[in-house]
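Paired with chain B in one complex and with chain C in the other, chain A is shared by the two complexes that follow.
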Partner chain A sequence: MSNQRQASSASQVPHLSPAELSYLYSSLSLPKTPIRPDGRSPTQFRPLTAETNILPGTNGSARIGFADGTQAIVGVKAEVEKTVLANETLARNDGGAGLDRGEQEGSAAVGGHGSWVQMSIEIPGFRDDDALPVFLSEMMRESLVGAVGTREASDMAGGLKERLVINKRWHWRLYIDVLLLSQPLAYPLPLLSLTTHLALLSTKLPKRKSQGEEDPFFDDDWAVAEYLYPRPSLSSGKTNSTGSSFVRPPVTLLVISVGENIIFDPNREEIAVADAVLAISITRDSEAGTLKLLSIRTVDPPSRLTQPGVPNSENVSMLGAVAPTEDVAVLNPATGEEEVPGVWRPRRGGVKRSVIAEMVKTALKKGGVGEEVLEGLEGVEVS
Partner chain B sequence: MPLDTSTTYPLTKLRLDGRRWNELRLIQAQISTNPASSGSSYLSMGNTAIMCSVHGPAEGRRGDASGTAGGAGAIVEVDVNVAGFAGVDRKRRAGGSDKQSSRIATTLRSAFQSHLHTYLYPHSTISIHVSVLSADGSLLAAAINACTLALVDAGIPMPGLLTSCTAGMSGSASTPKDPRHDELDPLLDLSLPEEQELPVLTVGTTTSVPVGENNMDEEEGEMKVAVLTMDSKLHSTYIETMLAVGIDGCNQIRELLEGVIKGSSGA
Partner chain C sequence: MGIIILPPVVEDILPRHDESDDSMSVDSDEDVEMSGVRAPKRARIGNQTVSTGVVTPGEVVTDDPQWMRGHGTYMTPLSTSIIATVAGTVHKTNKLLSVHPLRARYTPEIGDLVVGRIVEVQSKRWKVDVAAPLLAQLPLSAINLPGGILRRRTSSDELQIRTFFSEGDLVVAEVQSVHQDGSASLHTRSLKYGKLRNGVFLAVTGTGGSGASSSTTKGGVGAGSLRPGAGSGMGGVVRSRRQVWTVSTHNGGGEVDVILGVNGYIWISKHADGASAASSTTDHVSITRMEEMVSTSIYSSQNDEIPPQTRREIARLAQCIQVLVQGGIRVDEETVMGAYEASLQVDLEVGDDEDEDEETRHEGREYLEGAKSRRILELVVQQVK
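And now, the complex of A and B:
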């Protein structure tokens, strides 16, 4: 248990021998055609089932189950909270006391605050202040609050933070609770991120009846509640044929590089031999209809912690048994380190710029992985 | 603000959610919901929804003190997690577990430790993980039922289904029972608003084990009480009524759960 708890960003490292690691690495790093243990193509995701609005007691909820049995449930709850005015805002209000009210309201539109979105992740076997849940939730939250819409006219122009503002004195606080129902078989980031995406899409806030700076009160008819991520109204027209013109929450994808290859949605064994692990947050640019990059985080690759293999030339028990020409160190083109083929060397971290650029490009390009994932999620009916 | 069941109930004989005194809430259950575990279940009683997964029997963790203690039979571990979004208001917790969930965990552990045939699995651990998705009263009872289903799904031998239900009285019941004009009715399967203001008793029963030479001539439907928990104050004269109602509720639930188990095995 203590070992498991210490595993932070690296999740749980499977117990693989150096020989197995080396075998995995060399099959995954085959130029152009990596062979994955489960036979997927490098950009293929695991099959999943998804449903939304499963919990009547929440503002929005979703469940996603991967075919390997890992499941996550996300519930979103919203509460109205009084905005604590920062000193500068107060000072500005005092100074602007001479201005007429309308002008003041126009100029001092209160911006949202990132801390209004709270995220907690529950993983069985982990305390909620362990490194892994905290790191994961922060990674997903930052892209969520950082996403800013581009279209000036839409409600989501200021992103999620702005959407939570009710008026100067009140705002919504959003609690996103993520429940992983089974032990994480792989690094759970993609699962949790996709589930959160769906839960936020299905989240509704009650319709506000009060106006302007009044204390907020709401319509108690849930049928007229408004989506947190507003759908385009039919009257405004100019909807894309795909129906994807409204702002959607971002999605965080997990990408690894092995040698020159880029692999998406890795499983546990694949992460164990990765040269670099990247969490890439993307969202759809509502204006251009293309994808845009929100954030990149590197995740500590667990391959650093593995045991190295010993080449025959250095193995005392094999002394003299092999011809010295058999294992000649060659230069690994991806890491720039000298390695003996077939002998596992723990990755030391560090990845080439071109590889990172390639990862981002694969995720963002038209018809690429990001588009495929978002289209798949758009296919889930949000009622 | 307490809802006054005690004032409207005597007039209408209908409870807050429109049930009569002896009616259960709608129970929906499903087993084998999570292929990644040995056994799993989903159970909802009214608006209380619980998911449960069982891992094991498996070898206990190395370096754990329980590795030697489990020599006589399997050790049952229970982990209860009440989701932040389960209640009406979002609850924030410090440190990972609160009093309510750890009490439920302790009760579940002691109930199933003695209920299961643990002697068949020495030196092993059966770990049960309970997630409360939505809490609307009778949490412990729903958790017991969900665990029973998940343990059946995991194929862990037990003498009979351990089912549970809550029973309460339709008033504070702090004075001795008056046999001539008894105004209080016992209530079955309490929801959260009822649970908060009325005395409530959680009963868990199991069918008795047919063993030995009595095997043939045992009476059908004989059962024993396995779990009995009560937190509230109540005059002792009412206990018997509540117990009888609770046991009756357990029987109804047992039939429902048997239907779920038989129904899913055919599919």
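And now, the complex of A and C:
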């Protein structure tokens, strides 16, 4: 039972007493200025340490450690694979004229396939087929393969799966192996997502020597290998498609709402009192540098499963000590539930639309959290 | 402001020099010889003594038969090598080698003030997590039953056992007795003890009450203060004269209680003295019923109204303790208060430096990580030394 609960809910719910939960909730839901237990501002992240290219045998790898001691390593391996052509693409290729332009369109028509990206997540204490790793890997893979370029014209501007196309018959297959090195103290999604992002940024594929539809043939020299996601510094020098150098792999942020407040990078205690937990995937996919929302997933908030507090008026061990009319239930503006101040009520789930909209806006807006995170990760030296 | 990404900290390979080493190393030649044995396997530098590095369980500390084994080590009957059983630093007293663990679970002793969390409710007792290897028990007969006067427990008390403490509740208690197997029996038969509310809980690791010495804290400062448990790892709460005290906080925070459980569990809450606790539950209380009122409010799980200023200062105190723990400094009244004052001072220093408008300056300025935490540690170390 407890194991099941652990796997289905947002994190290993710490056992917190109703008094603690109530204190946390009321601190975090103070209008405008939430007081987080560690003093951060609502949009502030805990400092993290990051490095890339730590695994010699991979195409790209990264390690990120959070200040609370949780660490993750991600390795990306690429493999050339023969594309199994679907009937319709074959048919369309037959129909198209053998022009140079037609060939380009043909390679775009193959367009990549979501199954070319394989992701496996290993979390200590969980089996491969437990709900948490499976759900996490699907959540991250979906945003990775779901990131589709807006402009069809430039061949590399799209998401990850378009980048994996070599030609009509061949493609790259990516294996992304995510390893959480520590116990999942908080919901590990943001850590794993940031690490995956960094690993993909550092991923290099060998330079192709073959042309067009030939069987792929690659340069032995690893030094000339090309980044899967071209870096801006390189693009100014030699890459011709400037648009694609702004495209970045998606990153998934964990955002919670407590009352009217929106809090980023929540720690375990903060998740425990959240009204709503959202995993918001964002990416940058155009030269304008604006962020795009890829997906929103709600995560089951563990506050649902907590123990309710007992108001003094109903407390049997305090009978006769309290005037019964003292506790007046007030309406929580965020959830629309009645509650006695100072007494914890488990959240029933559900927040107002405006709160959700605000969460997405804070993540996406110019100079907002999403941009800061992407810039921060960009700043990590890819050696 | 939003996110800070740091390059990985490279662990300094150079072992620390403790003052105690120099005074204790009886014969430096032997030490050279011993490290010579270990040299091929581990890149220890130069003529370091045994007592500097960190050893892991199963690692051979020395093969030399002249040493006696102490705590944290064992010897196989057929060989003379001393093997570590815990991860920690090697210490030697004359010819006795012992390994002090970096972190250990709490070993209860009679009279310890502990903070615990109820994990299980049984028919006549609670099982309490006190960070010890075994759960402690709190019998129903060892608590103050409501009704003011001390009385025998009745069957109705047994039936409503959950109204006193239920799963997840935090209690502050005293260790009444320690059983043969090392598990503890607690009691809360005092007005000081009972259920905790109006505050925050934090757990610190370290060697707990097992008498961490402050002389080994030097190397932990600054080196890797972002990683918990880094540094010398000898932090944690130590047994001391005062485990519970009241801080009169700055910035309009009012009075805040700090309870340092010997087991490393800490509770920081708004100060509630007897009279105000009673008056918060009811307005009209006669002086003769005062004690009764106090004892009944022990089992409340409803928080009082706590102003934001107080919450802010509680958060600051909690962070100060975290900073101390991450810096590997022992946690007691002196260091906590030192860190608290230091954090205020650091805030002033930082506030002077910045010429930004009020809005951005307040943004996250209460977060004491990174540079701020290092500065606080410096100040605390100065004060303590």
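One rule holds in what follows: the second predicted complex is superposed on the first by the 333 of 383 C-alpha atoms of A that agree within 3 Å, B and C clash if a C-alpha of one lies under 4 Å from a C-alpha of the other, contacts with A are read in each partner's own complex, and residues count from 1 in each chain.
One rule holds in what follows: contacts are C-beta pairs under 8 Å (C-beta built on N, C-alpha and C of every residue); 3 or more make two chains touch, one makes a residue touch a chain.
Keep in mind it's a predicted model, so treat the numbers as computed, not measured.
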Chain A as common anchor, with chain B and chain C clashing or fitting: clash
Contacts of A:Asp129 with chain B and chain C, given as first, second, both or neither: first
Contacts of A:Met140 with chain B and chain C, given as first, second, both or neither: neither
Touched partner set for A:Ser17, first chain B, second chain C, both or neither: second
First (chain B), second (chain C), both or neither touched by A:Ser27: second
Contacts of A:Tyr175 with chain B and chain C, given as first, second, both or neither: first
Per-residue contact with chain A, leading partner among chain C and chain B: C
Contacts of A:Asp68 with chain B and chain C, given as first, second, both or neither: both
Offending stretch of chain C which, after superposing on A, collides with chain B (from 79-87, 205-213, 295-303 or 331-339): 79-87
Overlapping contact positions on chain A, where the chain C interface meets the chain B interface: 65, 68-69
Of all residues in chain A, those that touch chain B in their complex: 1, 55-58, 61, 65, 68-71, 73, 75-77, 79, 120, 122, 124, 127-129, 175, 177, 179, 181-183, 185
Complex contacts: residues of chain A adjacent to chain C: 15-20, 22-24, 26-27, 30, 33, 35-41, 43-51, 63, 65, 67-69, 264, 306-307, 309-312, 315-318, 320-323, 326-327, 340-344, 369, 372-373, 376-377, 379-381
List of chain C residues in touch with chain A within their complex: 1-9, 117, 119, 146, 160, 163-164, 166-170, 195-201, 226-229, 281-283, 292-293, 296-297, 299-306, 308, 311-312, 315-316, 318-319, 322, 363-364, 366-370
In the complex, chain B residues that touch chain A: 34-37, 47, 49, 51, 53, 55, 61, 64, 79, 81, 83-90, 93, 95-96, 129, 131, 133-134, 136
